[in-house]
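Given below, in the form of structure tokens, are the structures.
In the two complexes that follow, chain A is the common piece, with chain B as its partner first and chain C second.
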Partner chain A sequence: MTEQVPTVETASATDSALSLLEEKFKNAVRRDDREGYDGLIVDPAKLVEVAAAVRDELGYDYLASAQAVDYLGAGDHLEMVYNLYRTTGGPGLALRAQTPRDTATLPSLVSVWPGADFQEREAWDLMGIRFEGHPNLQRILMWEGFHGHPLRKDWKEAYYEQDQKPFDSRWPDGNVWRSEEHNAYGKNVVYPEGFTLDGYEPVAEDAFYDEANLGVDIRPSDLDTDRIVVSLGPQHPSTHGVFRMIVTLNGETIERLQPVMGYLHRNHDKIGERNTFLQNMPFTDRLDYFCSLSNNFGYAVAVEKLMALGKRWEPPTYRAEVIRVLMAELTRILNHLVAIGFMLNDMGAYFTPLMYAIVERELILDFFEAVTGSRMMCNYFRFGGVAMDLPAQMHSTANLLNERVREFDTMQYLRELINERLPRAIDQTDDLLTTNEILTNRSIGVGVLTREQAIAHSAAGPVLRASGVPYDVRRADPYSIYPDLEFDVAVRDHGDIYDRYLVRVDEMRESVRILKQVLRLLGETEGQPFFSGRGGIYSPRVPAGEAYGRVENPKGELGFFVVSDGGQNPWRYHVRAPSFINLTALETMCKGHKVADVVTILGSIDIVLGELDR
Partner chain B sequence: MYGSGILRGLGVTLKHFVNTYLDDIRWGFRRHIPDEAFPIRQGLDTRGVFTVEYPDEKLAMWERFRFIPFLVIENHDHPERPGHDWCTSCGICAKVCPPQCIWIVRGNDPETGRPVPEPQAFYIDIDICMNCGLCAEFCPFDAIKMDHDYELASYDRTSAHIFDKQRLSKEFRYWQSIAPTRAEEEAEARGGWEHKDVLKQKAKEAKAKEN
Partner chain C sequence: MTNDDFLRELHDPDIPVPEGMTSAIAVTSFGKLLNAIYNWGRRNSIWPMSFGLACCAIEMIATASSRFDQARFGMEVLRASPRQADLMIVSGTVTKKMVVPIVRLYNQMAEPKYVLAMGACAIGGGPFKEGYNVVSGIDKYVPVDVYVPGCPPTPQALLHGFMILQKKIDGQSLGNPNSTPWYGRGPSDPVPVPILGPDIIDPRQAHILRRQAEATQAAPDVAEAGDDAEAQV
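Entry: the complex of A and B
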């Protein structure tokens, strides 16, 4: 008999973390050994200490996403999952803490990762987990008069019909009704116990008025000023939608700021749990509606991670990945063009830069529409590929309604777009803005977020990279064919508005660089399959387990957290929206600046309400 | 020099300003440019004015464009089955529809009680339809397709926005006219221009004849 050498497996992130933590915390940390799960389960009593050790000793300094799951009927506990990463790159670590459904209390991790602030508030609001030690545990997406915690599995919405789609009432005896008829508006309003509408004042504002100490003259310098509380929004052209900031001003200087959101909240997560896996795809379009194709990408990556746990799974074909990257990078360019346009709007360059950007965006959208069928609600990705190949011709026919016809060769259109039109458009933006003194005066040194603050607050995307952190999911935790592509991660050091603008310009240039390589790959893969599975399967099998899929969206890291119980529908579906989490640092950026700067700072973060409020 | 950046930016604006007039001169100061010029103005070579003056001018939609779905029926002058539904009420579209806005009543033969292929009723609540196109993508019979007609405004949504089978049905030649390439691709996949079941039936008969 020959002696067998034990095969040395390179330790996974979880293994190496476990060995260190076990030594220190003994039984407080254990491996999550459920099938399809990875990560560590931590005793809530030790959670803060373990988290601090994970951050300081293991180097997981970046809290990408934190979300709660309700395991009703499968352990009957609530579970908080923290997805952690190192800003130096590499795979992530999932920490979990469980708590019984009725008491539902966990220690807050805001002291370890300030980026947990909004995410814990969201978990309290929607799932009803109380976080002890959280500095401001208010509801965030709902208002105080909302009854219950809607993401709990036993909570039912006003138009509730059945736990999961497809509904039985649609076929074969589909006698149509309008939901309003069955559920007249007004009858479903239930207030929490002890809540009355008389004299209702939003809690968030109360705190501001109490603290502001109104009407007292203060003398910070030789100027007499008053403190006032101002509500910026919700209807205000600078808020990019329905969004509000309560600020305390000292004269014109910001002393405190708190974002108030949720006006567009529709509980995307709950809708996602009712839907089948595929049905969620068109809903992701509506998150960041500028970037529907890259939203699709994120969701496909997450669900494909789960599907890869199964036996009969074919990863997406090469051509599918090439098309995906083509779409994602075009989306990045159009998003950044428009984001810069909107930011300049906020600065007062009324609509000129934006309109120039819109022309270019429209040309990209024409391509999207010809390929996917829709300009903005593309619904184009499928698990294992994309819905359709690129058409040979972008072709339209006249009919009674529409008579203005166009016809382009698709590849020719793409070549011109990528090689000529877009580089010219980026140069034009550069000429128009980069050295403009009004822009530089308003943006250099304004809204600074330091490197440490950016990481601590879980900032992502251009906001993070403008603060000197070269963290780009495409490089740090690669997906799709990005490892094969040549590009640099755009990064700047000052963390102010101007650098965020410059990062966006740099990134567009890098995207063009990627697109040129993609053009070549498109030619090489011509005629190859664009989908790996069999067609016509509308309810693919997704094995039980949990996955966190992340992509680098133009606005930052977009993550989809999906839990499957092996059925047709996701058990839990959560979106880590970059617009939402980037706002955690808004107050830090705004403090000490003038009220006019707040508007510009908000513009430089580049938020979109469809994703922020979900 | 302070201000040079602004001047540089103004140069860009000036170029756009001039281009707008050059465009006008090029097309003879017509309010709506001639049809041949349209793909240039609305294409990658666009320089000046970019606007399409809806509703005086209307962009024709790309073949794959999707608005709300319609049901394909046989042409009214079809020799064998004029106006016959292509839909077999299999229910796949109702199951796959994300907002669940499709309602189908499966037809039953009054005598035998067995299901018949044509649906008795078919409704789509177009207020709820999210134009995703999944119904058309997964219909195994090419019986439901995405329309290009986007002008659906009406004065009363409560009565006018649930489309029934009659309102939804459009002749097969309409589909051929709005999406010729795709209609052809689909016919190729089916093995002929007819409905899948008709083709199957024909193949069966041909085989019977052979034997």
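Entry: the complex of A and C
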């Protein structure tokens, strides 16, 4: 695979966009001519008009990702980057808007792409950019009243030691350092100077409740119902972790829904900037913890895109790409089985379908453990390949075909798993659930997201494809060896819960189809190198520049936005999490439905909190 | 524990029992018998709260499902309400935003209650320790009974943690009020709920806050005095 080709394509896409926009907006648009950068820099005053033109006239209807970068010391401005794509496929376009660090104000693009809503709130929360015209510019991951905007380069956390790892306090002598002992409170806290509790009033959550008219409000109608506000979560069995929704109910009908997140905000972005490029690989495992291997894939693709700008770069070997696709597709089946299990959990089939799914999950995890050494947190991909080849033999406590229980030839195990066990499990799921009356009654026509809404809200993955948009990154913007593989993009038209379920079942079947081809390729490439780097050195030399790499994760488009200043560490590391952005459309899907449906709609989006809050 | 072991442990070695009857008879004091039955009942019916935080929660679910099957420990009844739960498994990274509900949930659990910190994050912050929104260990806020290391711990490790917890329960005695404080007079004190201020505030540390504030106030005074002294010179 040559990584150069897409760069050239992107450049030509930028050129054609520029010539059109220059004509229309004269001096408001210029090309970004920094080394390693691509895209257009737009004058903030004209940003909304330019964005509308880009959407309507150039056809870039899909806002994949929007994130801010703090260029402290390199221009001293904040830059908002919008990565745009066409839902018909093809290379993307990066729009940029710059603003000084002290005033930090930009116009909001929610009117053009509603999918920018949460992403702009995140940029306000973490980077302190105020978006004028945003309907609800509140903090999203941290709480109201938190001091500062943590992703600014000059903001320092309580356990701050140095900007970049490895820290001098520990390396190279291997000293023990306990951050607690260096903090007056023995905890991970830092307060503004002179702060005490005397007379302090925390910013309460009144904002959520005031607007929604907390309390009883009886209205004259056919049936008198009370209007009440309910806080669902963060500890609630149906929220898949620590997600919270504040819903305004009229009787049992949803009038308003406000997602509250950040209960698992683990600061991936900030920690990622301190880490070296390679040190981030194990952190990506912990984003979507069902799909650690495909998260690795996304990060590897992004950094490799950046490394391709440099001279001393060899793309991953063919065998490495084959193994990568094997891992990604096994992960997809695993995720979809479990996602269907959880969705049925939310419908009241307490745990039974999930138990079936977890049986298959254990079989796949046995293989992951044999290859990578860990069940869940695999940390397996490297820039230029993978960490090790498949082992010849593996242990498994599985009893695949009622014969062997412990010792397996790895390829034999894979063949049995892919050719017999998994198709059987998918058929079983299909048989038991697809025509099940409870499932169909609860899901057909519920939580509908139309085609236009799905695109506008930047929905991704099965949520987007169930709404009739055949958009799959593996086909729309191909990476790895997917162009050589035969498979169809699963798509359905109604955009309800049932179609999301069906898309998942179809996708699992397509994954099995891919895996069968991969099995053949694995046999053909046996013994070939699995890593392209010299001397097994994993730490890359990453040239200065910016890259947005994306893969089709089971939950949707997973993107990694990486900026490098040419050093050991990324200057900016941002994750475009499908779970996070898919939730932008949650209120649209839930309005008018009953409170019990909210739970199933949330289940059908398939969120995972590690990725949602990052 | 097999039946024989149970009897042997219960038996008072000072009282002789006829040869050949040791596997069928145990002579013991009433207190010891009561303790044994009391703990036997409790250790085999611990109801965990179904409460997943992060990655570790997935391994917790795997432990509950068929291959590992925590029902063998009488622990299959996951309760969503803290009022019905005996054990809080803190399964994952505790963030500052989340520690407030966790402390509330802990306070709402009925005694006797146990806390199991699962995974590196819950024990001490783990890989995310330096993060600005991460609590470096749940034991900074609520008392922890069992620590299960790992990232995430395998289901086997979690099962081992359950066994350690059972051992701990076995060691608690009705005769010793210190080990069964829930039979003491009056309710136990709740853990003060942290406040989300400019950063998370533990009300128990209010005095340190005041001391720090005074120190920073004092410092500029010294500087001003120094300036004055210079001006006079």
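Simple rule for what comes next: the second predicted complex is superposed on the first by the 549 of 614 C-alpha atoms of A that agree within 3 Å, B and C clash if a C-alpha of one lies under 4 Å from a C-alpha of the other, contacts with A are read in each partner's own complex, and residues count from 1 in each chain.
Everything below uses one rule, namely that a residue touches a chain if its C-beta (ideal position, glycine included) is under 8 Å from a C-beta of that chain, and two chains touch if they have at least 3 such contacts.
Since we're looking at a predicted model, the values are computed, not measured.
Participant: Tell me which partner A:282 touches in the superposition: chain B (first), chain C (second), both or neither.
Facilitator: both
Participant: Would you sort A:263 into first (chain B), second (chain C), both or neither based on which partner it touches?
Facilitator: second
Participant: According to the stated criteria, A:387 is in contact with first (chain B), second (chain C), both, or neither; which is it?
Facilitator: The first partner, chain B, only.
Participant: Using the superposition on chain A described above, determine whether A:202 touches chain B (first), chain C (second), both, or neither.
Facilitator: A:202 sits against chain C, while chain B stays out of touch.
Participant: Give one of first, second, both or neither to describe whether A:146 is in contact with chain B, with chain C, with both, or with none.
Facilitator: Second partner only.
Participant: With the two structures laid over each other on chain A, which partner does A:45 touch: chain B (first), chain C (second), both, or neither?
Facilitator: neither
Participant: Scan A:444 for contacts with chain B and chain C and give back first, second, both or neither.
Facilitator: After superposing on A, A:444 lies clear of both chain B and chain C.
Participant: So, A:359: does it touch chain B (first), chain C (second), both, or neither?
Facilitator: The answer is both, since A:359 touches chain B and chain C.
Participant: Just to be sure I read the superposition right, which of the two partners does A:377 touch: chain B = first, chain C = second, or both, or neither?
Facilitator: A:377: touches chain B and chain C.
Participant: Can you list the residues of chain A that meet both chain B and chain C?
Facilitator: Looking at chain A, the two contact sets intersect at 282-283, 359, 362, 377, 397.
Participant: Mind listing the chain A positions that touch chain C in their complex?
Facilitator: Against chain C, the touching part of chain A is residues 141-143, 145-147, 150, 157-161, 179-180, 184-198, 200, 202-203, 234-237, 241-242, 262-267, 270-271, 274, 282-283, 286, 289-290, 354-355, 358-359, 361-362, 375-377, 397, 609-610, 613.
Participant: Considering only the defined contacts, which chain A positions touch chain B in the complex?
Facilitator: 165-167, 169-176, 178, 275-276, 278-283, 352, 356, 359, 362-363, 366, 369-374, 377, 379, 387-388, 391, 393-399, 401-408, 413, 416-417, 420-421, 428, 431-440, 536, 538
Participant: Once bound in the complex, which stretches of chain C touch chain A?
Facilitator: 50-55, 57-59, 61-62, 65-67, 80, 92-93, 95-98, 101, 105, 125, 127-136, 140, 151-152, 154, 195-203, 205-206, 208-210, 212-213, 216-217
Participant: In their complex, what parts of chain B are in touch with chain A?
Facilitator: Result: residues 2-6, 8-9, 11-13, 16, 35, 38-39, 42-44, 46, 50, 52, 57-66, 89, 91-92, 94-98, 100, 102-106, 115, 121, 123, 125, 130-134, 137-138, 140, 146, 148-151, 158, 162, 177-181 of chain B touch chain A.
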